[in-house]
């Protein structure tokens, strides 16, 4: 394989960050004690901390990263636009709206799958709207404008639902749904989100060939035997399932799907099919790193993941818009 | 052997027929120049024949199962889109997508891709980034991609547009040779002189209808050219082959 | 006498002696803070208090919801308050500054009460309320009854189990808070101190787990879901408090009123499980 080296580097990086993530936390415990606790059988508090708090957090970071990286790369491949990203085009905020509705109406309490399913539905609406508004060849301007409108509406409705909640804490949680956080998540969240994410990943991973063919345009792709309607639905369900499930448990984390494919594109010769797997692994590494950063920068505050990602991602986004404008002119 | 036959093919845009009741057959060895003024329906005819737009009437390509169509016919759209900065060799090998998995490039694939690259005189360009090449070079890369699809029939839209004379002639010669080897080519062309010199057959369209089909001398008659394009023309056989030149607008 | 019995007696006495109000005592009192609501409900004469805050009607937060429900509630906005034509407004020191300055401009007298940060503050706040309402005599009786009862509940425990107060968003309260003093009064050590917190602050879940408290005291859950409260359902927290958990009733802990005696009594009951008291 031509890109074996990249694959190994990304996997190593992700593994190192995964272990680092297990070692960072407010409870000051030594490196060896922490790791030993993962293999010990007796129930002591350290083992509890490692298994029930840090392990799910690290696993969720990987899951969120894979979902966001893969979705970003797939959306960009389909729309042939490097600005397409689940957060920027409003998919994440719509998923958050779905999740908040499920939580506040009690659907989530009545049956466990209600939460991810509602988030998924929110995401489906957004992806369908975006594909409809932006058209087959996602022009940057329509894409960004449609994304702004959908994000703003979903964000406002999320605030409304939380404002109407009888729970006094709900109102202050708007920031969680908008910015995302992995603090104090548990294995319950992992098992709730994983089946949907795997469905989404399988859908998106199967798009490589079609994405490559789409490099030459829709007509050329179709004449090469690519079934465009099927590709479109596979993309919609794949993005909605993975981003929806991710948002339902971790809130909306922006810019991962923008930054990761942008950095990795040159290393895979810009080939969309290779960018899919590379962005999946790279996304996992990025979210792990960001989640370590939030714990190191402000250990005693619950700094939101989306804040760190936006600080890294927004300048890059602006740069891409600038580049994009120059190309068009 | 017939590679494609269209029977009363019609494409409607709303109520208005863009392609109107066209009958056409393409045989092995044909290099058909599809002629007609802007809006005559050349592109739509080809897209309709390929099943990319909804049609009424029959196209033999649509009788082939969708999955197998890509083994029979390759399509070169006019837009020359290359969305990402990918190297030339990879772009050309995209033509192998219908032939199996993208991951494992087989020896056959390799050989076909190399042949296509050589044929379009792209040797040495394999690792150049396609989007940074000149328009003419990009056009050749995309033709090589279509060749790599290794189909008996190729449909090409405005393939010489924007190329310098040398590249125009070389592209026409490549198609000429491919036809001589037994492939069928249908190419829409605006340069009537170029078409007259290189094509084995010309098909003239006007307002969606097929108005002439045959050898260049039979199709590019002064009457046809005057009626369809609204120009006076000069067409003569010389030692350098046939020379066709429009000379003035009909008043 | 039980704490509850004592309180109902206090209320009865308060009702009986209420005729003896001072002549210059305010006639139309509006309270806009949950804690001043309750102090006023305890100490005012009937019909002196004409409106309480909306929160007083919420059974989770309000210890005197039965009495409060008989009095109309207000939303705590200046417009709302002004239309009631009050001659005294009772507010907390953390009430909206915009509202308070507006009332000031409108010439409505406002009495502000600081929150009770300790058990000792309770008597001081009651005293302040008595003066504000012109009911010093009745108030002094209640203060005396409260202090007697408080003294009888003071822990003589030899064993001091380690407890943690744990709320939504991983918030804990240290020993220099009202809740922390309630805990200490009932004979518990507060693990927040071990984590370096003396007043309120966030105690990360994994730090709490590592501290291994003998008892985790959590608040009453509010209706509907919030991510802030999800931490109280975390499997790791469940694991350490399976044997030793305690859901306290928030309303007895929030305000510096004699209802704090209920909270102390509850915690003393919880303490029994850790061994005999002297």
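Residue numbering begins at 1 within each chain, and the chains themselves are lettered A, B and C in the order written.
Here is the rule we use: a contact is a pair of C-beta atoms (placed from the backbone, for glycine too) under 8 Å apart; a residue touches a chain by one contact, two chains touch by 3 or more.
As the structure is a computational prediction, the values presented were derived from the model and not from experiment.
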Chain occupying the middle, per Cα centroid
A
Chain of greatest Cα-centre distance to chain B:
C
Just how far, in Å, is the C-alpha centre of chain C from the one of chain B?
85
Could you tell me the distance, in whole angstrom, between the mean C-alpha positions of chain A and chain C?
43
Any idea which chain A residues touch chain C in the complex?
25-27, 29, 43, 45-46, 48-49, 52-54, 103-104, 106, 108-109, 165-170, 172-173, 176, 184, 186-188, 300-302
Under the stated contact criterion, what part of chain B meets chain A in this complex?
47, 50, 52, 66-67, 69-70, 73-77, 79, 81-87, 90-91, 94-95, 97-98, 101-102, 142, 145, 149
How about chain C: which of its residues touch chain A in the complex?
168-170, 201-202, 204-207, 209-210, 212, 222-231, 234-236, 239-240
Over in the complex, which chain A residues touch chain B? Could you list them?
80, 208-209, 212-217, 219-220, 222-227, 265, 269-273
